[in-house]
Structure formats: structure tokens, C-alpha cells
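Chain lettering (A, B, C and D) follows the sequence in which the chains are written, and residue indices restart at 1 in each chain.
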Amino acid sequence: MTDVPDYGKTFALWRAGAGTTWQGYTCHGFVEGLADGRLPQKAFLHYLVQDYVFLVHFSRAWALGVVKSETLGEMKTCATTVDALVNHEMSLHVSTCAAASISEEALFAAAEEVENLAYTRYVLDAGVSGDFLDLMAALAPCVFGYGEIGARLAKTAAPDTPYGEWISTYGGPDYQDVCRTVGAMIDGAVQRRLGAEPADAARWPQLQVRFTRATALEVGFWDMGLRGA
Amino acid sequence: MTDVPDYGKTFALWRAGAGTTWQGYTCHGFVEGLADGRLPQKAFLHYLVQDYVFLVHFSRAWALGVVKSETLGEMKTCATTVDALVNHEMSLHVSTCAAASISEEALFAAAEEVENLAYTRYVLDAGVSGDFLDLMAALAPCVFGYGEIGARLAKTAAPDTPYGEWISTYGGPDYQDVCRTVGAMIDGAVQRRLGAEPADAARWPQLQVRFTRATALEVGFWDMGLRGA
Amino acid sequence: MTDVPDYGKTFALWRAGAGTTWQGYTCHGFVEGLADGRLPQKAFLHYLVQDYVFLVHFSRAWALGVVKSETLGEMKTCATTVDALVNHEMSLHVSTCAAASISEEALFAAAEEVENLAYTRYVLDAGVSGDFLDLMAALAPCVFGYGEIGARLAKTAAPDTPYGEWISTYGGPDYQDVCRTVGAMIDGAVQRRLGAEPADAARWPQLQVRFTRATALEVGFWDMGLRGA
Amino acid sequence: MTDVPDYGKTFALWRAGAGTTWQGYTCHGFVEGLADGRLPQKAFLHYLVQDYVFLVHFSRAWALGVVKSETLGEMKTCATTVDALVNHEMSLHVSTCAAASISEEALFAAAEEVENLAYTRYVLDAGVSGDFLDLMAALAPCVFGYGEIGARLAKTAAPDTPYGEWISTYGGPDYQDVCRTVGAMIDGAVQRRLGAEPADAARWPQLQVRFTRATALEVGFWDMGLRGA
């Protein structure tokens, strides 16, 4: 499909291995609502508050990636990602929510819904119970899925959708660069640990399970967003 | 060599891969002193106090094995090992030390020497930074080395060595059973993650590094013991 | 209330601090269905399969307690609990499910529902992000709540409820002993770290948040059970 | 003493609590050799190679700080520190070592000496076994000690010492700012968890043990450096 951005070999394999769960995530009704602008603002704000808390724990999981790195390159990519998330990406949420009179303290203290809790703690536990690859397989659907959605919506979204800033954040060149950098790092990490034909490795099915599971948890996250409407 | 007990395929590979470091550990002067009885009692007690603290952290590392297990069998073997260490093996140290007027509270509070600290925290960090196999590769030299030493000394030690209880603990059938059970569990864990030819896997050299490193840290531990004389 | 068993000071404080969330958990419709026998068997089996997977991760969390212990007593209680869970308590589930033609392999491989995933990973992350007390506060509602429910139902359940074995497991003397042992250990752990007046400590509200959150996740677990009917 | 920089209340308490171990670290022969220029270059390079590997694991420990943070401020300070270490501070080592024909790959792969291994893994395990404060108490001696040494040597070192770049790195305004920022963050973290009078808290002696232990491990690190001469 021409719409699929190139974020590396590993992502292409994992994406294919997730089957229709991947489309269930990237073409979810919430996403289509961002594109055509019909997503209720209440649902969007509900999502945004939850996503802020998500990013807190997602940043913790990327920091765990630094703890579990085996090469300097892996460390640098993970450290840069943590810094980008904590010191920059969360600002989008803060400013958008501030415009809706939701303070950053309120964001940080927001009660996590069960779908949110389940997702981030699953990712963290993938790192605690497994190795760097287990963690990356669980982190990947969010990073790359938002990249793929952003890239598609940047081309296809209704010009008057009120969600243009969200779309340009993830469809824009900075975030697309992040996806390519992370994708290349993961390709190297996979080759280092599983060799040149990773899909033949004994551990591969287990990594696919993690990727697919995290993808399914993204579907639950969008469901939760719609429920906020 | 006829003296090498059979604790499974993985141990045989790791042992061979460690080269002369393995003999530096299992045939160390401290060990020979246990066998011929010439090890000064002061060195033995110094070792025993440090080994008690070692077992505290070694038990923590086996407990981390429960956290990182992927199968029920792995969980059960690790849980049983923790229970055996915490509720039984440490008793040998406690009773021997009690006979030398060292209380269990004194043992638990003993200041770790740097070789001791380095070893156990290296093992724990192998588990934190890697996966179940990384942890097992770092745990293996202690488990299997003591089994090999015990089995050899049970046959060859001077009949009048004062260290007969130590020798019969590790050379006796209970501990030899532990070695075979752990060896079989590790063989299964390796096959599950690396396939039928684990030594061909891309990760194998890294696992060997961990095993060899932990073996070298055992050498340092005996050195520390002798220093206590 | 005369029905509240004595599992120590800390539990009494945490239980009171959880307010009505505690009754929402211990007097949930699922529990009342166990007592009067009206719980559909399908709901019970659905719960039992999920609870088996729950116990896998709950055991991992208790093993993390060994990793995070500061005293030998804490280590021993946690190690004994892991051993009891992995080598004994899970057997109740296995035999009951076997009678319903569900194999242990099927249990171990069962897909976790989101409420289950959220709960156990929240507990594990309490241990990863915090210290021994953070972990204990998140483990406590399950241990003590089942004890309280079991003790109450042992006295009040309909004599012909088909769930007598479940009730006698948790209401029986062995499990009640576990609750008192764990309760005493937690009291000691709290005193060691927070002093004689723990509820005055700066950290106390945070520990209460963890206990209450885990209690709310128990409510979600029963809800999930009923949904299986 | 006028030479003691102000890095916050907690540091002042911990520093005093460490007694003469603190001076054993900050006024070590290695440090005096940096000041008067008499430190053999071979010892300095030996130290620098080991310190590079130290920083790899020290960065991992700061990343663990992100995982264990409870506030956004804690997360930001830890994330910024990881980024500074991984993407900047290690560059000093790389460029200095490159001038001595030691490549960054050689640095990353350098075999850790036992004092180095013991120190960094002790710090990491402080975080794994304890909470955010346990980790900070173990991280603090390196951060603040280098600041204090740098500040003192910037005023007192021989003008012709060949180690001027090291001194200006740690004595310069950027690093002194880091010390004040980290010190303020730790003060806040301590107050949040232990209240306004932290030294009265039940946990305080345990935190002091960690700080003092890590300080003693710094002494061992300098010893190791001198041994390289």
C-alpha cells in the first residue's frame, strides 16, 4: 500500500504480523473522526487528558529502554526520546488543554481509565519481564501507528477539521523523523540480538505477540476516547 | 573428563566457553584448601560470613527469575530455588557461624566486601538489563560450580578435613539434584528462546560473556576468602 | 464490626481509608452469588480462568517483594508466599478447571481481559516505581480481602451453594493464617520505614492511594467475572 | 567551611552524616594529584576509560530515576540529566581519550574493574530494591562530590596542571548549575516523602547508609585510578 510509511524492516514485519488488528487501530472511528472533523470535542479532550497521563508512563517506559540498552546508539535514541516526550511532546497536550481550562497539575493528577492503565503498565512490564526487544515490541505500535496515522491524515483530512494541530504534530516532518530514527534503531537492535533473519528466530512469535497485544490496547484506547463523548 | 557432572547441554557449552577461567574458579587455592584441610579456619569463617550476605542477594536474583519467567515450569523452578535458599541453605551458614559465636543478625548486617558487592549486583543487573536467559547465564556459575566442586571433593577430599560438612552439603544428593533440575530448566529455557542450536544464535556470545564474567567474579570471591586468613 | 478479621494495624488503617470502595469489593454481587449459590457457573469458570492468569502475575509481584525486602523476615514471608501461590494455591484452580475440561496449559495461555491486565501490572509497577511498602499496599487488598470474604462466607453462605470449596479455601484456617502472617509482616515493614505513627508520615496518603486503587481494581475484576455469565 | 558549595539541605545533611568518609573521597590523593598536576597521565587515562564505562551505567541509573519519579518535576530533572550525560558529558571523555588514541568503541567495550562494577551496580540496585529516594541517596555522592571538588580545584589548582580541562568541566558554571538543580529537586523529593524534618524520619538512617556507602565506593574508584599508574 502506498500509504504505508517506511519505518524500517522490523516494523514492516510486525505490522503485517498484527493482521487486521493493525487496521482496527489505525483506521479506528476515532481516527476517522479526527480526519473528517466529526469527532466530538468532548471525546477529543477526554482522550487528550488520558493521553497526557499515558505519555507520563510511556516516557517511563522509554527511560526503561535506556536502562536496558546494550549499545551506546540504543542508549542515545532512548534518552533523546525520553527528553522529547517529557520536555516537548507533552507540551502540545498542556497548551491544548490549557485553552480548554485544564491545568497541567490537573493533567498529571488525572485518574487513569482502566484501558489506559492496562496499556502503559503492560508496556512497562514487557521491559521488566523481558529484554530490550520485548520492550521495543510493546513500544512500537504507539510510535509507528501515530506516525502512519499522521502521515495519512496529513494528506487526506478535511481541510476544515478542528484537529489540524494534532494531525500536523504527528504527520509533520519532526515526528516522521522520530519514526524513522526509532525504526532504524530497532532494526539494528533486532539484528544484533536475532541475526539477519529475525523472523526465523525462536523468540520471534513471542515478540509478535507483544506487538499485536499493544496494538489491541491502542484500539481499546480509542474506544475509551469515544466513550468520553 | 570423568569428573564433570552432567548438568545439561547449556552448562556444558558455557563451561567450555569460559576456558581456563572455569578451572581458575573450580580449582582455586581456596577450594584445594577445603579439600586438604589446610584452609585456615579464619579464612573459612570470613568466607562464610560474606557468603551469607551473598546468599541474601543471590536469593533476590532467583526471585527476579520468577518475575522474568515465561512458563509455569520456569516459575516453579525459580520459586522452589528461592524457598530452598532463604528457608534452608542459609541455615548451614547460620548454624556453622553460631558455633563460632556469630549470630544471624550479625550475618545479615555484615558489611559486604567489594568483590561480594560487585558479584551479586552484577547478577541482579543482568536480570534487570536483560531477559530470563541473561539472568540465568549470570546465576549459573555459582549453582553449577559449587555442584562440580562438591562432587569432586566428595570423592577426593582428605578424610580428616574439617570442612566435611561444606563438602557434603554441595557434593550430596540433594544439591546434585538441584543442579540437574536447574540445568534441565535452563536447557528448556534456552531452547524456547534460541531454538535447537543455541550456540548459533546471534545473542549467544553475549550470554557467554555473562557466564564468563560471573565465573571470574567467583574467582574474586575465593581470593577475598583467602584474604581473610 | 464483628465480621472484620484482625490482620494487623496497617490493614485496619488502609481498609478504613478505602471507604466504601472496600465494601464495593468485599460485598460485590459476585461475592453474594458465591454465598447464596446463585452465581452462574459460567461466570464462575470465566472468573476462575482469569484468576489463574491473575495468580501467575500476582506470584511475580510477590517475588518482586523478595527482591525489594530489607530484612530476612520480609524475605522469608515473601518467599513462602510465592512458593504457596505457585506450588499450591494455583492447584485449586487447576483441579476445578480440569473437572470442567480446561487444561492447565489452556489456563496459562488464556488471554487476559483488560481488567485483569490492568490490575496485575498496576501491582507490579507499584513495586518497580516505588519501594517495598508501595508494593505491599498494592498487594494487600487481594490477600486480605479474600481472607475477609472467606471468613464471612464461611459463616453465612447457603449450605447448598456449589461454591463451598472456594469458600473453604479462603475461609479455612490455612488461608486465615496466611493473612495474619502477612499482616504482621506488613505491620513490621511499615514500622521499620515509617515509625510508630505511620498514618502521620508524609508518604502515607500515597500508600493509601495505592491500596484504594488496587481495591477498585478488585471491583473491576468481579465485574469482569459477572460479564462472563 | 567556606569551600562547601550550597547544593541544598539534603546534601548538607548527608555530607555531614558521612563523616570523614566524605573527606576521604573529596580530598583523595588522586584529587590532589589533579590539583597539583602530579597525577601520572597513565593513572588519569586509566581513570578516564573506567569513568566512561561508569557514566554508561550512571546514565542507566538516572534513567531509572525517570521510571521511579512521582512528579513531573522529578521526571524532567532526571530526563534532562540522562540526556546531558549520554549526549554531552561523555563527549569530554571521548575527545580526551581520542587525543590519546583510544576510540569510543574501545571505551564502550572496556572491561570494568571490580571497583567500578561494584559501584554502578550498587547504585542501580538501590533503585531496584528501594524507591526514588534510595536511588537519589546512592546517586548523590558522585554528582555533588564532583561539584565540590571542581569548585575547590577551580580556585586552588596549580595554574600549570595538565588537568585543567577536567577541573573546568566540573568547576565551571554549567556543572555547578546541574548540582544546584539536582540538589533542589532532591530537597523537594525528600520533603514530599519524608516531610519537613526528614532527619527525624524512620527511614533516614537507611538513606544515610546508602549515601555513605556510595561515598566509600567513590574512594575505591580513586584508589583504582591510582593503581593504573
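The definition used in the following text is that contacts are C-beta pairs under 8 Å (C-beta built on N, C-alpha and C of every residue); 3 or more make two chains touch, one makes a residue touch a chain.
The shown structure was predicted, so the numbers you read here are calculated from the model rather than taken from an experiment.
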Relative to subunit D, chain with the most remote C-alpha centre: C
Residue-number overlap at the subunit C/subunit D interface, same or different (half cut): same
Distance between the centres, which are taken as Cα means, of subunit C and subunit A, whole angstrom: 32
Centroid spacing, where centroids are CA-atom means, of subunit C and subunit D in whole angstrom: 42
For subunit A paired with subunit D, centre-to-centre distance based on mean C-alpha positions, whole Å: 34
Contacts with 2+ other chains: residues of subunit B: 60, 67, 124, 128-129
Residues of subunit C that touch subunit D when the two form their complex: 67-68, 70, 128-132, 134, 191-195, 201-203, 206
Touching residues (chain side subunit D, partner subunit A) in the complex: 56, 59-60, 63-67, 69, 71-72, 75-76, 78-80, 82-83, 86-87, 104, 108, 124
Complex interface listing, subunit B residues touching subunit D: 60, 114-115, 117-118, 121-122, 124-125, 128-129, 217, 220
